[in-house]
Structure formats: structure tokens, C-alpha cells
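Structures are listed in the sections that come next.
Look for chain A in each of the two complexes below; its partner is chain B in the first and chain C in the second.
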Partner chain A sequence: MSQFAPLIAAVTRHRGVQACLVVADEDGILVDGTAHVGVSTSAFAALTASLYRKAARAAESAGFGAVTYFELEAERGRVMAAGRNGLVIVAVAEPRVNVGLLRVELVRAAEGL
Partner chain B sequence: MSGDDIHAMSETLAKDPASLVFLQLAEALLMRGDLARAARVASRGAQRHPARLDAHDLVARVALAMGDEPRAEEAWGDVLRIDATLATAHRGIGLLRYRQGRLDEARDHLAYAAHQDPGDNVVRAALEAVHGVIAQRDAAGTAAALAATPPAPASPDAILDEAVASAEAAAGITPVNAEPGPRASAYVAHPSTLRASNPAAPVATGDEGVGNDPHGDEPGRLFDHVLEDSKQVALLLDSDGLVAAGSYVTGEGRDLGSELGAHLSGVGEEAERAMRHFKLGLWHRMVIETEAATIEMAPTDKGAVLVAASKEVPLGFVRRTLERCLTVARQWLGEG
Partner chain C sequence: MIRHSVMVGWADGPLKRYVDDARLQFTVLMHRSGQVLAQHGFQSRMDVQTACALSAAINATADSLGTMIDGAPFRGLHYAGAARQMHLAQLHVGDGVLLLLSVFDRESSLGIVQLYLDELHAALAASAPADEDAPPALAEDFERDLNTNLAALFGKR
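Entry: the complex of A and B
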């Protein structure tokens, strides 16, 4: 069991979470994670890391400091992420997920990265 | 281009490092936002094929996307050493010089690029802006020589911004839409220093119809009646990431709207691609929380609305502000 397993388990136990991954934000390499059938973890890791990195660059360009949380809401789901120390913990969830609770969980999990 | 295509090109290049497929591969990686790999592939290709202008041009464009202006400049310099007439290199260096405020050099490069490609609106607008700034600078110089105590000159950035605004108005576009470089990151914009363009804006009544917008004819103040305090700012960005309405001004008077817009526009495009890949449908809201601020963004038909707020502002309130600004923007754009 990896050191990230407890963090991932804490996130995936929330109803509506389809995948939870720990990803290196610089290159999108998957470090650890779990996903329901049908979610391509490596592609998911690469794309979300790229999104997170771009968001971080935009925020830093505006002098807002480091990104602590990122969320993308779409018609059929959400991507939520929180990062620290070059790693990002990412969750993909159904629209019905309790956003507030999952956000808190991800931010807390990021503190353990 | 799919990941499989990229994989196939990578394999081709691995088998034959002299292959010119590096050009397509680096371009594809650049398009996907995989800048580090794009830079590696382009640089190795340019080293292996030093006489290829397109290789150096690619290195420059990747470097610019990474915010590495000196590297971009160096690569375009390589291009011009091989062929001093290549318009794309003049265009690139001209726009860099323009951003750096080196106006005379910018004028020379841009004039050449505009001559080579008269249909390039970005170059044309930048050139017009540079001409305007140079005229102002020269006029200010003359006035300074005549007056014993001339007024303090405006900063090059301020002059340039003003000129750009004039060019925008004239051409309907903004000439600079590149990744902000060190100039942008040198400014610290803690949201406590944010101010809306009209700090005394009235509290919104809940009816955001344009007909009730007291500033509807001033794009910069489009959202003033929605932004209820000075801890939030709102911008309407067009599909190129240019600020179409709203304003974002720091307490020091620095306008960061165009820089933030350019960056976040790229994030929006990336989000669209990612959501398509994951089959999650269209994205309709993005939240970026940072150490100092919350940024929320939502797409319009041809752009996006973003709200930036101090961390003191509750997340739900920021979302509410975004929804109201979105309503105003859609009505203003005739999308409502």
C-alpha cells in the first residue's frame, strides 16, 4: 500500500466519486490512484495536471500566489483538485456529489501530500 | 491530433532521430500544452537541423508559450541570421520588443512584418499602437524641452496601454495576446488591493438587465453595478482571451485584466479539450482558489466571464457574483 492510499481512500469513499488520483503536476505522471471502470487513468492524470498547471500559471501571473484548489464543473461531472509539493490529488465526480464536503476532503488530503 | 498520433510520431523520431517528424510532433505537443516536451523535441530538432528556419521558429514559439522571452528572442535571432527576410521572425521579435517597450526596434520589425503580410491584424494593430506611442513620446519630448518644469512623464507601460486601447478601438482587436512574461509576474496584486473601476458603484438590485445598467455604454464599467464592493473584479473575455468588458485594476493602478485574460483563456480551451476527452460534456464553471484569491470563470458563447475575489469573500458569494455577471454579459453580447 502506498503512502497515498489513505488519502485516496478518504476521497473515494464519498458518494459520486468515480476516480481519485495523485499526479505529479509538472509532467502529469500518475503516482497513485484508483478509478471506476471506464476512466482512463493515465490520460486523466495528464490532462488534469496540465489544467492545474495552466491555472497555477495564470494565478501566479496575476500575483495571486499558489493555487490551493481547482474545480471544473461540466454537464455530466466535475473535476476537482488540490495540490502541494509538486503533487496534485484529483477527483472526478458525478454532478450529484456533495461539492462542499469533497472540496474540504481534497484540501485536507493535499496537506498530506 | 490524438495521443496515438503523438505516440506514433515519438516512435518514428526515436527510430530515426534525423526525421523531420519532430516539427509536427513539437507542434502537436505545443497545441496540447505539453510545453516541456515540446521544448525538448523542438530544441533537439533545431540542433540537428540548424539550417531549418521552421525549426528555430518552433523553438521560439514554444519558448514564448513557456514565458521564456529571452529564449524566444534568441531562436528568432537564429532565424534572422540564416534568412534576414523571414517575416515570422520579424513579427515575433517585433511583438516582443513592443511588449518590452523598445518602441523603435518594435516599429522596424513590425513594419517589415506588416509589409510582408498586410493581412496580419495583430501586427497591423501593434504597429499602429507603436506609431501612436512614438508620436506621443516625441511630442512629450518636445514639450519637455519647451517647459521649464514639465509634468512627470507617464510610464512606458501606461503610454503603451493607452495606445493599445486606441488601437483596439480603431481595429476592434488588441495587438498583444501573448503569454505575459516577466513584466507581468513582477507585479503583486493581492486582492485586498483590488478595486473595481467604480468603487462607489451602487449595490445591485438583482435585476441585471442592460436597460438598467447605468454604465452599459462603457464596456470597462459593465459589471460595476453587480460588484458590490472593492474586493471583487469581473471581466468579460472574448474567444482570444482579450478583455471585452469590465476592468481589473490593482490598488496601484495597474491593469492586469489583459494578462489574466490571456492566461485564463488558455485554461478555458484546455478545459474544453479535457471535458471532451472525458465525455463529461461542456464545462460551465471553473474555480481556482489560490493563497490570496478566488477566481471563478464561466463560458459565454464566444468567450468567458471571470470574477476574481479576495479570499475574504465567501465562495458562495463569488459564485453568485459570477452568475449575475454572466447574465449581464450575455445580455450585453446579445446572447440572452
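Entry: the complex of A and C
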């Protein structure tokens, strides 16, 4: 069990969460995580880390400082991510998930990264 | 004898797509011997020749070192520099092994490169010429084949 297991468990406990991954934001490599069958974790990790990096650069260019949280809403689900210390914790969730609660959980989990 | 064909051209399409998807700066596909098959981003034939020779040497070294230390060849290499990173992969295509050198900066990442490498691998396997349709790479023809391929990629400069 990795040091991130309690953080991942806290996020996946929420109803509607399909995957929770800890990813290195610079290289997009999966560090730890858990996912339902059907979620391609390594591909997802690489692409989400890339999104997070670009969001961070956009925020920096706009003079907004560091990105603490970002959310992507799609037709059949949501991707939510929070990062710190070169790591990003990402949750993949169904549309019915309680967004507010999950956001609080992710931001809290990111403090433990 | 190196079993794989030395024809250039067949890998250009898949490699172009890989470069675009993975946002690479340079890439070169070659035989394990260092014989170039396709490239993107290099401006001169000498640079390609050097990159191929060094990549083939790195691969041979990792093979031998891995066998000596761990009982099996080391596969794949990633090096992160200050501004650029390189990734050297082995691709089993047909009955041969090809090497792919990929160079990227902060626009991409190791995870992205590995992700699109799988797609490239499948595309190369689908478009590789059959052995009977293409001349095999023979050690005695190495220099002639190398010059032919570099001329095809860069013209006779």
C-alpha cells in the first residue's frame, strides 16, 4: 500500500466516483490509483496531467498564480483534479456525483500530496 | 542478416501522426543496426546519421548491460534534461525489431509519448511491407543502404 492509499480511498468512497488517480504532473506517469473496469488508467493519467499542466501555464500567463483545482464537465461524466508538489490527484466521476463534496475532498486530499 | 526491410517511405504516415499527436520535436525510426527508416524534425542527414548511430549504440549497450546485471536486456530508455527529454523505445514489427528515438520538451510528457507509442506500434505493424516485397537489410550493404535512405529522406545534398 502506497502513502497515497488513504487519500485515494477517501475520494473513491464518494458515490459516483469511477476512478481516482495520483499522477506526476510533469511526466504524466501514474503513481497510484484505483479505477473501475473500462477506465484506461495510464492513458487517462497522461492526458489529464497534460491538461493540468496546460491549465497551470494558462493561469500563470494570466497572472493568476498556481492552479489548485480544475474541473472538466463532459456529456457523460466529470474529471476533477487538484495538485500540489508536482503531483495531481484526479477523480473521474459520473454526472450524478455530488460535485461540491467531491471538490472539497479533492482539495483536502491535494494538501496531503 | 538483419531480417527487416530497409525500404524507406512505408513508415512516414504513421510517424507523422505520432509526431503530431505526441507533440514531438524530433524523432527517428531505425533498425537496430542504426539504419534510418523515417525521421521528423532533423534538418541534415549528418544529424540523422549521428542520432541513429548513437541510438543503436545505446540500445546495444543497454542490451548487454541488462543481460549482464539483470539476466535480461534492459528495454526502453528515458532521459530528462533541463529543457528536452528523450525516449528510446524498441518496437517489434513483423519479425524484426526497430528502434524509435523521440525528443520532446515541456509541450509533451513521458506519459503522452508512451500513450501514442502504442498507437504508432499498431500502425507500423499494419503498414510494414512483407519481407518478400522488400529487400532485406544485409550487413554487407549497410553503407550503401544508409546512403540510399538518407538520399531518399534529404535528397542528394
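Here is the rule we use: the second predicted complex is superposed on the first by the 113 of 113 C-alpha atoms of A that agree within 3 Å, B and C clash if a C-alpha of one lies under 4 Å from a C-alpha of the other, contacts with A are read in each partner's own complex, and residues count from 1 in each chain.
Keep in mind that, in the parts below, contacts are C-beta pairs under 8 Å (C-beta built on N, C-alpha and C of every residue); 3 or more make two chains touch, one makes a residue touch a chain.
Source: prediction; values computed, not measured.
Contacts of A:29 after superposition on the shared chain: chain C is touched, whereas chain B is not.
Between chain B and chain C, the partner in contact with more residues of chain A is B. Applying the stated contact rule after C-alpha superposition, one finds that A:55 touches chain B and leaves chain C untouched. In the superposition on chain A, contact is made by A:68 with chain B only, not with chain C. In the superposition on chain A, A:45 contacts chain C only, with no contact to chain B. Within chain A, the residues touched by chain B in the first complex and by chain C in the second are 26-27, 43, 47, 50.
Interface residues of chain B facing chain A in the complex, by the touch rule stated above, are 3, 32-34, 36, 67, 180, 184-185, 187-191, 256, 259-260, 263-264, 266-267, 270-271, 273-275, 277-293, 295, 308.
Touching chain C in their complex are the following residues of chain A: 23, 26-30, 42-43, 45-47, 49-50, 53. Of all residues in chain C, those touching chain A in their complex are 80, 106, 108-112, 114-115.
By the touch criterion stated above, chain A contacts chain B in their complex at residues 26-27, 39, 43-44, 47-48, 50-51, 54-55, 57-79, 92.
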